[in-house]
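I am attaching a structure below and will ask some questions about it afterwards.
The first chain written gets the first letter, and so on, giving A, B, C and D; residue counts start at 1 in each chain.
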């Protein structure tokens, strides 16, 4: 586990350490098994192509979960992810590197809690943001 | 559940109630994803083709589980499956996803069986059966045997 | 390594025992994947009224996932590698035989121990050499009862 | 075809209640499917030393296990369906042994003109409560019907 970060360490505009994922077909099958989402679009190439896409697609919710990991890896055990939202804009294919990234947009104290807001996204090898979203986290403060 | 089957109801040669199965790519992925047996030969066509097996094929263990269902459904809650064996003689491929609802002809598999022997041993009322999975062409791709214990009307 | 040496080395060898907790969720996933609607596997109230008194696993479930490694138990991999070296790289599934002694209930803790029972080189009438092997896995529950045994038969053929 | 007004009449009506028993195997499967090695989700010994006192579920479990976003019977007029996005609010940690009741209702429906013609946006909202009746999470998901 990385060392604990504190509210005071974070500046607006700071980048979240990127997380690189190489999504395989095997991982899509594992996700299907864990999530119970057995839509054929995500493992049956013939079916996927019949719907007009080039190959099977990475599940939108898997990408949301990867953004969850991006945050929990960064905030450490004392940090808390309170909100994550994202929209599934672009399709991602297995076999490609998927980059999970984020940036701090705002920091504030509310009801005694130290909040950080970030924009987060997944990025395909062409540099396009396929799953843009936002995350809200609570970090420990050195002041306490 | 269906009504309970008793030892006395079964004769040599009695048929086990057949069960139809339609193997789809979805069924294979459910098995792979849920079991954690992630051999790509069962969901990646190119991988299976490289092994000379044309395209992703049905897991042998899944067919074995179908046979277990055939037997346990037939014997009901009060029956006990004692022993089951099967051999994977031929490969089965899931049906093509031509449509989401209807199987093409010959794309339904049947799990079937026959009672071959009735006997009482150590106070248990036993039945031996031949069981098998049959493809749409009527070929037995997965033959096997099972031994079950059934309740007897003689004792209650 | 010759086939006889493989036999000397592997016959009787015991693999690492694997512990599995039988969870309701994995019983459900198993039955769902088989498309077996038997309420003994899904319906807690129904199962409570049955002679088992609780949700049970379908026979053949054992401690799903049955395969601890990415593909095969390590003992089997070691044996297959040995046979490959001995000139028998092509594996055929010789079938499986299961014996059920005690029902598996949700919440059971199963310890499975694989053992290589036998490795034998034989020559067919047509003059082809083959190796037959059997791995037997015994499943024992938290009460010390042997709940099931699974015998997996392997047939290994020489390379082209 | 159902009109948007008719669909709007379904807003707030409870569509589906789902009960999920959280088990260690489920948490492990979710973490493995994400490829997330964080010891908080898998390493009981290590997790015991944290403020949580034991393993908890990764945020991704809520994204997998509780498939919030069920569709009301016969209400989707078009054939194609697309997941548009999701939003998850994490209020309390989820642990093995918890029994989570997820109640999903339609929160909004609206129509938009897209490249492919008319598109209907369905927003579903789910409240996840644990066995102590505490709200552990809320989620929203967008489904696009076109």
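Keep in mind that, in the parts below, contacts are C-beta pairs under 8 Å (C-beta built on N, C-alpha and C of every residue); 3 or more make two chains touch, one makes a residue touch a chain.
Remember, predicted model here, so these are calculated numbers, not experimental data.
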Chain located farthest away, centre of subunit B as origin (C-alpha): A
Contact-richer chain pair [A-B vs A-D]: A-D
For subunit A paired with subunit C, centre-to-centre distance based on mean C-alpha positions, whole Å: 38
Inter-centroid spacing, subunit D versus subunit A (mean Cα positions, whole Å): 16
Distance from the mean Cα position of subunit D to that of subunit C, given in whole angstrom: 36
Residue numbers of subunit A (touch at least two other chains): 30-31, 33-34
Touching two or more other chains - residue numbers and ranges from subunit C: 26, 29
Multi-partner residues of subunit B (at least 2 other chains): 30, 34-36, 38
Subunit C - residues contacting subunit D, complex: 21, 23-26
Subunit D contact footprint on subunit A (complex, rising order): 1, 21, 27, 30-31, 33-37, 60-62, 64-66, 68-69, 71-73, 77-78, 80-88, 133
Of subunit C, residues touching subunit B in the complex: 26, 29-30, 32-36, 38-40, 50-51, 58-60, 64-67, 70-71, 93-100
Subunit A-facing residues of subunit D, complex: 26, 29-30, 32-36, 38-40, 50-52, 58-60, 63-65, 67, 82-91, 140, 142
In the complex with subunit C, residue positions of subunit D that touch it: 21, 23-26
